[in-house]
Every structure is written in C-alpha cells, then in structure tokens.
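A short write-up of the structure that comes next.
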C-alpha cells in the first residue's frame, strides 16, 4: 500500500515558565492512501499536538518541533518554511476541529469562509468560488445551500456548523484530512450523522483521514487502523481488529475496559487508576508503569521498545518480552472484547447509521 | 523492530518481577491551596507597575500630610517683595541643568535681584506665597476630595446595587430605569449645573462628583451579585449544605469586594481629574484655599514667564493619576487573572 | 431593526426632555442675577429688563414658554450680549470646536488602532511594552498638563508652533495632540486587548488551517473582528472629548463653544449656559444612539437579533 504520510521520531516541546513540557516524545506512524487511521488517547496524551505538528500549526513560541521528520511525498513538513507550508495547508492537508461553535468566524458569511481557501489555492474567481461553495454545502448535506451560503455561523445549529467546517476542509480536495475530535462537542445522534458523512465523503473522494479521538466507540465505526497514544508516545498500533480482539498493551486494555457498551448491562466499567504523568518531568522507564497493575521492575527503569505482534501490530510493553510472565487481560475486558467488534456498531454505525 | 533484540535477551530475570507501585500516590494534588486574598497579594507583588504605583501613592499621601509643615511658610502667607521666585534648593542649586538655582528663564537670579536670602524649594507664586507649602496643601485637598467622593460613591453604589440585585423584580426594574435616565445625561453637564447652584467649595465639589459617580459602582455591585446568584459554584456549595452566611462570606464578599476595590482605584484618579477640571472652568476651590487643579490654573496665567508655577503641581497630579491607574490595573489582574481589559 | 431604532429615538427624546426640564429648574435655583453690571442698573431698569425677558411671569409659565421655544429650536437670548440669539452664538462658535473635536477623534483613533494592533501582534515585545506605557501615560496625565508642557516647550521655549489662538492649521496641532492623547491611549489599550482575545479564538486556527497567509489572517479575521467592539467605547470617548475641548480651548484661547461656555459660567450668562448645556446633552445622546445603531449594523450577530424582533 502506498504511504501518503509518514511521521518518524517526532518530538514536540512547549517552553513554559515551569520548564520544557515534552508533549510528544518520539512518535512514529504512517498513513496509507485512502485509509482512516485513528489516533486514540486521553486528554494530554499528545494526539492533538501531533496533528497540529503535521499541519505546521504548533504556535511558536512557546511550541517547537524538536526533532523528527514528517514525510509528505518527497517533502519533510517539519523542515518546510512557513510560506511553503501555507500552500499545503487547506489544499493538500486540511483539518477539522473539535468545537464547531467556536471554529467559524462569527462575523463572516459561511460562503466567504469556504471561498477563502478556493480563491487562495485554486485561483478561482469570486463567482466560481461561490458556485463551488454552494456545491460543497450540498455535498456535506446542507439543505437550501443557495440560500444559506450568505448566512452567518450563528444561524446554524452545531451539527450544521460542523458540516460547514467539513466543507471548508474539503474545499480543495485535500489528500489528507485530519479530524481532531470532530464529534466530541456534538449530541450523540448528530455524532452518528457526522461520522456517516465522513465515511461517505471518504468513499467519494478517496481522502486519507487521520481521526483523533478519545472515544473507542467512534474508532470502531470509522477506522481501518488504530494508534494508541499515552504520555506523548504511541504505545500500541494495529488494525482495528487487532486492537479490539487482541490488544497487547495494558493501557489499551484499560481503555477498552473503561468504555461503556450497550449490549452488556451487567458489567461494571473498569477505570484506569491514577492520572497521566506530568510531561514537564516524564518518569523514567515506562510512563504507564505507575498506573499499570502488571508493572515489573524493568518498567521503572527502561522504556519498552515496540514489540512486533504481527506485520501490522506492534505494542510497547515489556509484557511481550519472552522473559516476562504470561499475563492475560482481565476477564471482564476479555469478555468485553468478545462482544465488541467493528461490525457490531456501538454508536450510530458505519452501515446501520444510514438508517438513523 | 529487530533493533537491540539481542540486547533485550540479556536482561536479567529479576527485572521481570512485579514492581511495587502505589497507584494512589498518583492521585495526590500537588501544591498547597492558598486563600483568595493571599493569592491576589502574591500576584500583585509580582507586578512591578502596581507596586511602583502603590509606593508613589504612599509617598504622596505622606508628603501631603507632612509637606506643608516642612518649612516655616504657610500656604496663605503673602509677601509681594518675594513674588514669583523660581525654585531654589540647597545643594541641588549647584547642579545647573536641574534649574533649581533660583535663576529664571531670562537668566536673572531672582533671589539676588529681590534680595531674598531664604530658599523656596518650589519657588513662590504671584503673591509671594511659598509654592512648596501650597502644592502639598493642594495635594492634601485634592486627595481629600477624591477620597471623600470615592467613599460616597462606595456607600451609595453598594447600597443601591445591592438592594437592586437582592430584591430583584419590580424594585430592580424601577431602580434600573432611574439609572438609565441618569446615564443618558452627560455627567460633566450635571456636575457643572450642580456646582453652579451651590457655592463652589470643597463640599459642593464632593457632592457634585458623587451625583453621578455612584452609578458605576452600583452597576458593578448589582452585576456581581446577580451573576453570583446564578453561578454554578454557588449552587454547588448550597447543594453541599453551605449556609447563606457561608455563601456570602466565602463567595459573595471576596468576589464583590475585589471588584469594589478595583472600581475605587479608578474612581479616585477620575475624581482628582474632575476636581482639577472644575478649577479650570472657574468652578473649583476658592482662594486662599488651593487644590492641585486651582494651583495649575493660577500658574497658567503666567506660564510663559514662570513655568515653574505650572510644572511642579503638574508633575504631582500626573504622578498621582499614573500611580492610581497602575495600581488599579495591577489589582484588576491580581483579583481576576482572566479579566484583562 | 426599524422598530428597535424607533424605540431608541423615543427614549432619547424623553431623556432630552428630562434634561431640559432639569436644566431649567436648576437655573431658576441659581443664586445671583442674570444681568451684567447689576450695580450700575437702576431699580427701574431692572424691573424693565425683568419684564422684557419675561422673568416676572410665574415659573410655570416661564417653563412652558421655554419648552415651547425649545421645540422650534429657539434657545432664548443672551441677557448680557444685548439680546443676541443663543442659537446664533452657538452657531458661530461650533465651527472651531467641531473641527478640533473631529480632527482629534479621527487622528486619535487611527493612531490608537495602529498602536493596539502592533502591540498585540508583537505581544510581550518591546513594542508591546512601549505601547502600554504610552497608554497608561495617555490615560493618566491630564490633558491640561500635556497642553501646558507643549505650550511652554514647543511654543514658548523652542518656538516651533504658535502658542495660542486660532489662525490656520499650525494653530490646531497642539490642541489636537492634547485632546487626542486620551483617545489614542484608550483605543490602543482596548484594541490590544480585543486583538489578543481574537488571536486566541479557534476560528483563527481554522483560518490558518485553510492556508491563508499570516497577513490575510490578521487583516481579514483578526483586525476586522477586534475592531467591531471599538464602537462601544466611542460614546464615553466623545464625552472625554467634550471635557477636553472645554479646557483646551480655554488654554489655547480658541474661539470655540467650549471657551464660550466656560466664559458664560464665569459671567453668569444663564441663557448661554442653558443653551450650551442642552446642545452638549443632545450631542451626547445622539452619539450614543448612533453608536448603538452602528454596532447593530456592523456586527451580524446583533443585526439579526434586532431584525427578528
């Protein structure tokens, strides 16, 4: 499969008054053409920072890409000057943000906001851009697009605004779309609609999507592959099936265990104890060790490398070392893994959602 | 991923024993909790502008108390034989560029010309009154007017705003309509009309400044109280069983008092400015009493020849204004780090 | 929107009537006499004058006549200037004041916006701190102090600019700076805060993510949105400007309305005080109304909220 984007050993830090916060500490992943990669993790795990780094939107100061490369075609986005980056942003790689209520300019018509990118990247005339804007609004499912193109964001509901944001992102047929928690701020029913829309659009336009979320239910619906992030690192990566049916990292177990599911009401949720480490001063060894009931001596001293589980499945935990005791995931999580499958929708659905 | 595979094999077995990790250790909250006032004071101390302002204010208040008594002249003692002398200060008179050597702008040593042996640190005015004594006396009166006006604003404003917000409904409606009309009238006009009716003097100036001054304070108090009434943390603490007394003591007073202090910090310089302004249009303090504004206004009549009569009181009034504004800004940031307007 | 403006105009007229009545009764309470050189007038002359100006009528009648005349724009006559119309005197004097006020607010706004924008874009830099210092000084130092310092140094000592009077552009420079200082300071400070606030908004990130150049992001999205709320401080600024012209015209001996007003206060010329007071009040009320209406027109959120009513 053709790799469209490849991130190697990415480090991003923020200089604060308290010191250097190492938000991303050596991230590797790649994105294949036409697939959806979900990056999963809790708040502060570095998933948003990673995506902003790809977009070249890390505010500097205080943030900076310390090392690593972001290969997009034959270019390294980490090294690209701002002027060149502007040509890529919005045309080849674009982004959807979390909160549709605040991500649109309140004093500009939505038509103008869609047209801006078209005029900049595709040298369209005003009237061409307006036509295309109406087309895009129709594409993302906004009724009466001709009339609504001259309206302001506050005249749209949250779900409709997120559709507008998607229209802005897709305006120039980008090759990569980064969706940063695009459904988190929305009602559950609207969430399903937006996910369905993204699935549809991907099918039509062949865009590769990086989907950032903390919600494994959403992952099951939309992703082909999953990367689980913790404390600025990717701790496990694999196909959706591998992550859901054969998770290897105790943190992934924890995430799966803490996810509510609809079909099994008798189980209790298993919370991950403790809180993420302070990235001002990341702990020695495995950052997850203090919260890991299976932690071993070595976890407190050495960082685990990525152990290969299959060609597509890797996990960074010492439990996969041959000398480590064989540990089975907790029974409740195992049971849950049985009941969970990408084919069995949790919220809305890839297929079922169409009937909502 | 074959990297270091051999090295990994060398790891000793004991490394793979379970580690003693205490998960609960993670749950502890770092840092000690600090009180509202302590926290505000800590933030204020970090603001060099605010601290400079505070120090200037304290020095000027001190000078307004002891300044007039620092030499033997009184503020009203006239002596035409020593009129309009420039400033002359012992020791500093030898440093020429400071202009504190009693030489006027035409280059004549007025002290020599008039046969005066004394030193007048800020010079003398047209009636031969000591400018140093008059300036600090004027500062005292300006500060008094400002403080009194701010106090009246505070009393009326807090009562009006508090009543309006506390009773709400019709009372609030009527009180707010009254304010709307008051705000529609330029306060400048109201102040001038008010002083025209009463004879110009310290107390009519204080009253005139208070006629509209309390409106701002009452709005802030009302706004804060209304906001707090509906705020979720107040609801939360009530749900948790806090008594009304505790809600008022722990939530209402710290939040409202901070706003009140900030408003007062801006009321004082504005009162000082308005007092000076009234002197300018002939409605200020009547001689021989003097305020900073009236001294500057008198000085303007002979600005071209005796600039020192305007210079010193102008510096003092500007320092007061700057100091209060700096302190006000600093307090605003200290009490509410989010609000930076 | 139309209904909203209509309502505002009605409340504006009511406010104005209240001010007019208040002014009238306050004037009646004033000590002293409206006539010049009273000691030189004989008793019969005073009686004649009182008769001539209707001052012997009951207060209610006087009030009624006064309000009636007000409706047709008749502000009465000055007792001290041989019965000249107050409205004529205001007409003669308004030119210089309007010129000075206009020049100050336009210049002050432009410089203030510029400083505020630069300070926010170069946040925490030397330029930012410099602007903040200028803003604190501009807000703190009284305009008459600035005027005095300029008059002495620029006018008397260095002779760069005319010290006083009103005779061409050079004469307007120092008064304009003295009045505009507060405008520059207030607007620079306000604009900086607004800019910083807007720069932190999510939609700015959206604009950057579209690949717009930083110039386009700053001009189209940031400055545009940050400058809308500036309109709200225009009302208070106009008042500050009025206060400014009263004093500054006095200092620079400019034949404007402010100077006339101050002189009539000093000579107890009541009809002129009343007329000018009403004129200033009307100006103030109209400015507040215009500010509200303009805010509604410029900000689409308010525009539509008004329209739906």
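Letters are used for the chains, namely A, B and C, taken in the order the chains are written, and counting of residues starts over at 1 for each.
The rule we apply is simple: contacts are C-beta pairs under 8 Å (C-beta built on N, C-alpha and C of every residue); 3 or more make two chains touch, one makes a residue touch a chain.
Keep in mind that what you see is a predicted model, and the values were worked out from it rather than measured.
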| item | value |
| --- | --- |
| Farthest-lying chain, centroid of Cα atoms versus that of chain C | A |
| Chain whose Cα mean lies nearest the overall Cα mean | B |
| Selected pair, greater C-beta contact count between A-C and B-C | B-C |
| Centre distance in Å when chain A and chain B are each reduced to the mean of their C-alpha atoms | 51 |
| Euclidean distance of C-alpha centroids - chain B vs chain C, Å | 25 |
| Chain centre separation in whole Å, for chain C relative to chain A (CA means) | 55 |
| Residues of chain B engaged with two or more neighbouring chains | none |
| Contact set on chain B toward chain C in their complex | 49, 105, 180-181, 184-189, 192-194, 196-197, 199, 269, 273, 276-277, 280-283, 296, 299-300, 303-304, 307, 310, 314, 317-318, 321-322, 324-326, 329, 340-341 |
| Complex contacts: residues of chain C adjacent to chain A | 201-203, 205-214, 216, 220-221, 224-225, 228, 299-301, 304 |
| Chain C contact footprint on chain A (complex, rising order) | 55, 57, 82, 86-91, 94-95, 97, 99, 102-108, 113, 116-117, 120-121, 152, 154-155, 165, 168-169 |
| In the complex, chain A residues that touch chain B | 273-275, 289-301, 305-308, 314, 318, 321-325 |
| Sites on chain B touched by chain A in the complex | 1, 3-4, 8-9, 11, 13-19, 21, 23-27 |
